[in-house]
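The structures come next, written out as structure tokens.
Each of the two complexes below includes subunit A, the first together with subunit B, the second together with subunit C.
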Partner chain A sequence: MTLPALLILALVIGYPIVRAVIISFYHYPLLNPQHNFIGADNYRRLVDDPVFWQSLQNTAIYTGVSVVGAMLMGLVLALATENLQGPWRFFRGVLLTPWAVPVIVVAFLFQFMFEDTGGITNDLLLRLHIIDSAIPWLSSSQWSLAAVIIANIWSQAPFFLLIFTAALGGVPVEVTEAARIDRASTWSMIALIKLPYLRSAAVVGALLMIIQNFNNFPLIWAMTEGGPAYSSTTLVIYVYRLAFTSFNLGYASAIGVVWLVLLLMISAAFIRVLRGKTS
Partner chain B sequence: MRSCGRSEAIDASTRHPSRIGAGGARRHARTLVLACAAVSLLVVSACSSSGGSGTQNGKQVVTFANWADAEQNTQPGIEAMIKEFEKENPNITVKSLPISYTDIEHQLVLQVQSGNTPDVAELQGNYTFSLQATGALQSLDSYANGSYQQSVIPQELQLGNIDGQLVAIPWTVAPFALWYNKKVMAQAGLDPKPPATWDELLTDLAAIHQKAPKIIAFGTDSTNRTYGLDQNWPVMKSFGGVPFDGKDPSADTQAMKDYLNFMRTVASKGYTPPNKKGGFFRQPAASDQVAFTIDGPYVKGVVQSTSHVSDAQFYQTWGIAPLPSGSDGKHYSAPTDHQLVMFSKAKNKDAAWKFMQFLSTSDYAIQNYTLKYENSLPPLQTPTGEIAKELDNPISQAFKTDVIPTVIRPNWGTAYDNAYSDVMTGVQSAMTSSSSIDSIASHISSALKNDLGG
Partner chain C sequence: MSVTLTPAPPTETTVEAAPPRRKWPIGRSVVIVIVALFLVWTLWPIYWMVSTSLKPAKEATNLNPTIWPHTLTGANYRELFGSSLPFGNYLVNSIVTALISAVVAVVISTLAGYSFSRGGYKLNGTTSIVVLATQMLPLVVLIGPLYLLLLKAHLLNTYLGLVIGYTSFAIPFGAWMMKGFIDGIPREIEEAARVDGYSRLGILVRVVVPMSVPGLVTTAVFVFMNTWNNLLYPLTLVTSNTKQTLPPGLQQSFSGTFKTDYGGLMAASLITSLPLIIAFFLVQRSMVRGMTAGALAGT
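Moving on, here comes the complex of A and B:
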């Protein structure tokens, strides 16, 4: 059974990768039938391209803050709902709903919430006297990345709630009972007993989410299209713009190759962690 | 009773390892054949998915890629047009291929790459130039004969002429104009007359913002897309400059800095929200929450369908004027016209041309689509009869006499696709960051130098 599967994989995954690597060595405008071999020029251009570096930095911030934020939120929610009994367990189900909301819906939802005027976020912050004037969430270079990260954390925290809840179920009762007999405080119980048991789940979940966020296109595109200027442009947005609005496939492929290498490195780390966990 | 053949096979192989060789090879071969068949089917269906032109049931088929059929507002209109055309031409079937406005350019470019183009397509602005650069468009010089050419506004026909070749004909005429809300102006204590210069506009915006800070004083498209640059091009021009000329950047000039300063002023003073599409302002305009907005003729349709005001009430509230001028007193606009193109691989070119001509200049299409659904002007040089009556209103008249003569064609071409993002991110930086205008202009210029390869 492996041979046909390998053939299909080679066709639908291997071929586009090989083709992208080849194209990255060409000047390959889609509008022009003439494509010239230019060696490593696209890669050299990449080194001096400030937009590439800004996109890479934005990708790192977006991915890092989203994963850490969603993980912390998921952890707090998992610990807070750990001991829910009977019908109250339904509450945990409610907390999981953002995970089921399509990303594009999340994007539009937060776009409305972050409207400068009339948006619920500014309205609430103003009423609570937390801010004096409306924050231009999506229309300012300072805030746009933060706005998409907040939306992303809201959308992904339930994933961590789910995996932490499952992991908490694996903490041996005798260990928690022993800690209770020793009169461990709530904080000690969490920090010294439960968190060590959650470490593996956290690592696996974080690595999965890093890969997913690295490639997250629809949320950012629908909320800001990577703007204003390049303030919320990540690698995936930049590659899309280069390939499908500027039709510069050669340079877009070069960035795609670098992006692929970065993802492969993260995936290798993921596999290593998984292997370590299994052994 | 056995549940299924597959589990039986697994059981058999497990029990009799010696059978794995022959049976396993047979199963592999069968799976391989099935997999190959599935892949072939996918490839074949992918290759033929957007085609379908040629003949069907003895009728000539014309495939038509367009966004009119992908948008809720215009979908019923275009469906009615196709039905009417097929009624008038019983030997032709039109197959609509709905593609959203945002995607149509790159989808068609990709279809050109795969050799699988539609017969006719709806395009706009630089999209026509991009497709022409691929060499996939059919020259229409031999189709657009004398009588067609004489019936169409020459300036509009010229917009579809690239390097001396007619490759697109006008469908709807829709240049950018300055819409002004007389009611909002009067409430702010202003004489409800349109500002003639950008300075006058700034004075009006200040008065309106002071009186009603929640009203969007000025709607302008500052999105990072070719349409965003299309809208800003005539504004830049009226300040005395354009960001590039051919392959030469010309963004680091005093004229461009004046323009960027203007954009910074309207954003920093809260007159306009940055990074918004032009269409964003139409809905609030319907509830008098917008004082001025730069837009094509589409505002009327959205306002009337939302607020259900009559024509008379609309004309009482809204007026249009050419975009304000700079110090030289000249006004400029850019087209947002929808054009029709034919692909050179079209199988039924005569039928395709017939359909294009029907949409562009037939009385039926103009009355029941161009005016009714697009709220745009027809490309006719001298409208007569019912069409002339329908165009006898202050908005259409102002478009025809005051705005259309100010239309210039932005520097469209393949360079435009590379350059628009450099320019519009600079515009957005001017509107949303505290970087100096000098450094933004210089940055746009150096980015253009790299991307235009001049």
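Moving on, here comes the complex of A and C:
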């Protein structure tokens, strides 16, 4: 019964991935029948390619800040809304909404709100005298990545709220009762009793989100297309440009292979952390 | 190496159903302030989308934005379906491909999830790794070969081509989710059915499937959401404007002649969001369980 799934996976994932590894050793212009085997040249080129290193750095910042930010936010919210009663629970539902907003819409929306002039973000910040002059959110290399990250955190924090809420539901009542009888303070209650129960949810959630943010194409593409210059270009944007704007599939594939190796290493580390603790 | 990412303690995962507990003497006001702040942070962009979509063109792009719309109008919505912009096409294309993908992916994921679930411990470890690994694949790299594949098969610009792309990448995680749900069905029930002479497939169709309807729906919604969000595939696998889905369609339309028509863009965005928001809230509770079950629950 696994057969249909395996067949489709082999055809549509297995085949492209093997193809991608092979292509990475070729000079391979998309749509051009001339392909030359060039050994590891694509990989050598990558070492000296400043754009590659910048994209890698941007990917690390984008993924790291987004995941940590969204996770902290989700954690605070899960703890704050844990004991909401009755109709107040409705608010937790409201707080989850951004996760259901399509990523492309998040991109449009924040692009609009981050307009230099006439954008509501600058307008409000100016009116409240938090800033003196408009911030060029999306039109300057300094701010573009930050703007994209803010939009991303808005969109992903609810995921962590969901999984932390679920994990908090798993803290045995006897444990919290016992702690309460011992007159544990609120903070020690959270730090010593609840957080340990959230550990595996945090590890798994972070891993899923790291993987997802490596692949997060729509948000950045629709907001900045990776610009200005390469300031918000992450690996996924760079590879897309290489493959479909410069039609250099060989080099794009080489970067993809490096990327896969990177993610495998990160996952291995996470899984080790998770198993090390539980076994 | 087996990734039976074990034990979150046996979780009662329904978000709503925690037993009523007495409140902690945590500063009630602290909680209220935190929740209020985050409500503003969450709702402000959504409010801004809705209110902009109801403003006339001039007000929507005014350099001094009006926080409360001075004039309310439905013109932006009427124009989406009346102007040269093929918004109706995008919408239909998105709905059709997302629905078909959801159904196809759920059928295949159920078959796979069932065999993962009943396949014993060894298979579990391997499949967890394979599933996790498929999530890591740089889709943007695989899209090149996939493009060439569909080009040769003359499937570019077709629903079928898009559905093949969408489902194939939805199946691994879908199977993982279905496995989690099917794990919750006691085997004894199946044993009883086997004694009654049902075949393996018969048991799946008549016993397991009816019992895992919430799981099926959740997985379907998950695939639907992912498909609805997908920009990369249609952008590369569809070149004809009228065959395009919402994300690339809107991105391309509103970056050209309609560049500053934010009223229209926000109206289109709201319509694009509604199906997902509704679908999400229908299955919100079991969604968590589905997404984390494979990872957290182990066997």
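Methods note: the second predicted complex is superposed on the first by the 261 of 279 C-alpha atoms of A that agree within 3 Å, B and C clash if a C-alpha of one lies under 4 Å from a C-alpha of the other, contacts with A are read in each partner's own complex, and residues count from 1 in each chain.
Basically, a contact is a pair of C-beta atoms (placed from the backbone, for glycine too) under 8 Å apart; a residue touches a chain by one contact, two chains touch by 3 or more.
Just so you know, these numbers come straight off a predicted model, no measurement behind them.
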First, second, both or neither for A:Phe91, with subunit B first and subunit C second: second
Touching partner for A:Val47 - first (subunit B), second (subunit C), both, neither: neither
Which superposed partner A:Leu264 touches (first subunit B, second subunit C, both, neither): second
Which of subunit B and subunit C A:Phe244 touches, first, second, both or neither: both
Touched partner set for A:Thr117, first subunit B, second subunit C, both or neither: both
Contacts of A:Ser140 with subunit B and subunit C, given as first, second, both or neither: first
Contacts of A:Leu30 with subunit B and subunit C, given as first, second, both or neither: both
More subunit A residues in contact [subunit B versus subunit C]: C
Partner chain in contact with A:Ile130 - subunit B first, subunit C second, else both or neither: neither
First (subunit B), second (subunit C), both or neither touched by A:Ile181: neither
Subunit B and subunit C footprints on subunit A, overlapping residues: 1, 4, 8, 11, 30, 117, 244
Subunit A contact footprint on subunit C (complex, rising order): 1, 3, 5-21, 23-26, 30-31, 34-35, 38-39, 41-43, 45-46, 48-49, 52, 61-65, 67, 108-109, 111-112, 114-116, 119, 132-149, 164-165, 167-169, 171-172, 175, 200-201, 204, 225, 228-232, 236, 246-247, 250-251, 254, 262, 265-266, 269, 272-273, 276-277, 279-281, 284, 287-289, 291-292, 295-296
Residue ranges of subunit A touching subunit B (in the complex, touch as defined): 1, 3-4, 7-8, 11, 29-33, 45, 116-117, 136, 138-141, 224-231, 241, 244-248
Footprint of subunit A on subunit B - complex, ascending: 28, 31-32, 34-35, 39, 105-106, 109-110, 113, 130, 133-135, 214, 223-226, 273-276, 414, 417-418, 420-421, 425-426, 428-429, 431-433, 450-451
Subunit C-facing residues of subunit A, complex: 1-2, 4-6, 8-9, 11-13, 15-17, 19-20, 23, 30, 73, 76-77, 80-85, 89, 91-105, 108-110, 112-113, 117-120, 123, 154, 162-163, 165-173, 176, 186, 189, 197, 200-201, 204-205, 207-208, 211-212, 214-215, 217-218, 221-222, 235-236, 239-240, 243-244, 249, 252-253, 255-257, 259-260, 263-264, 267, 271, 274-275, 278-279
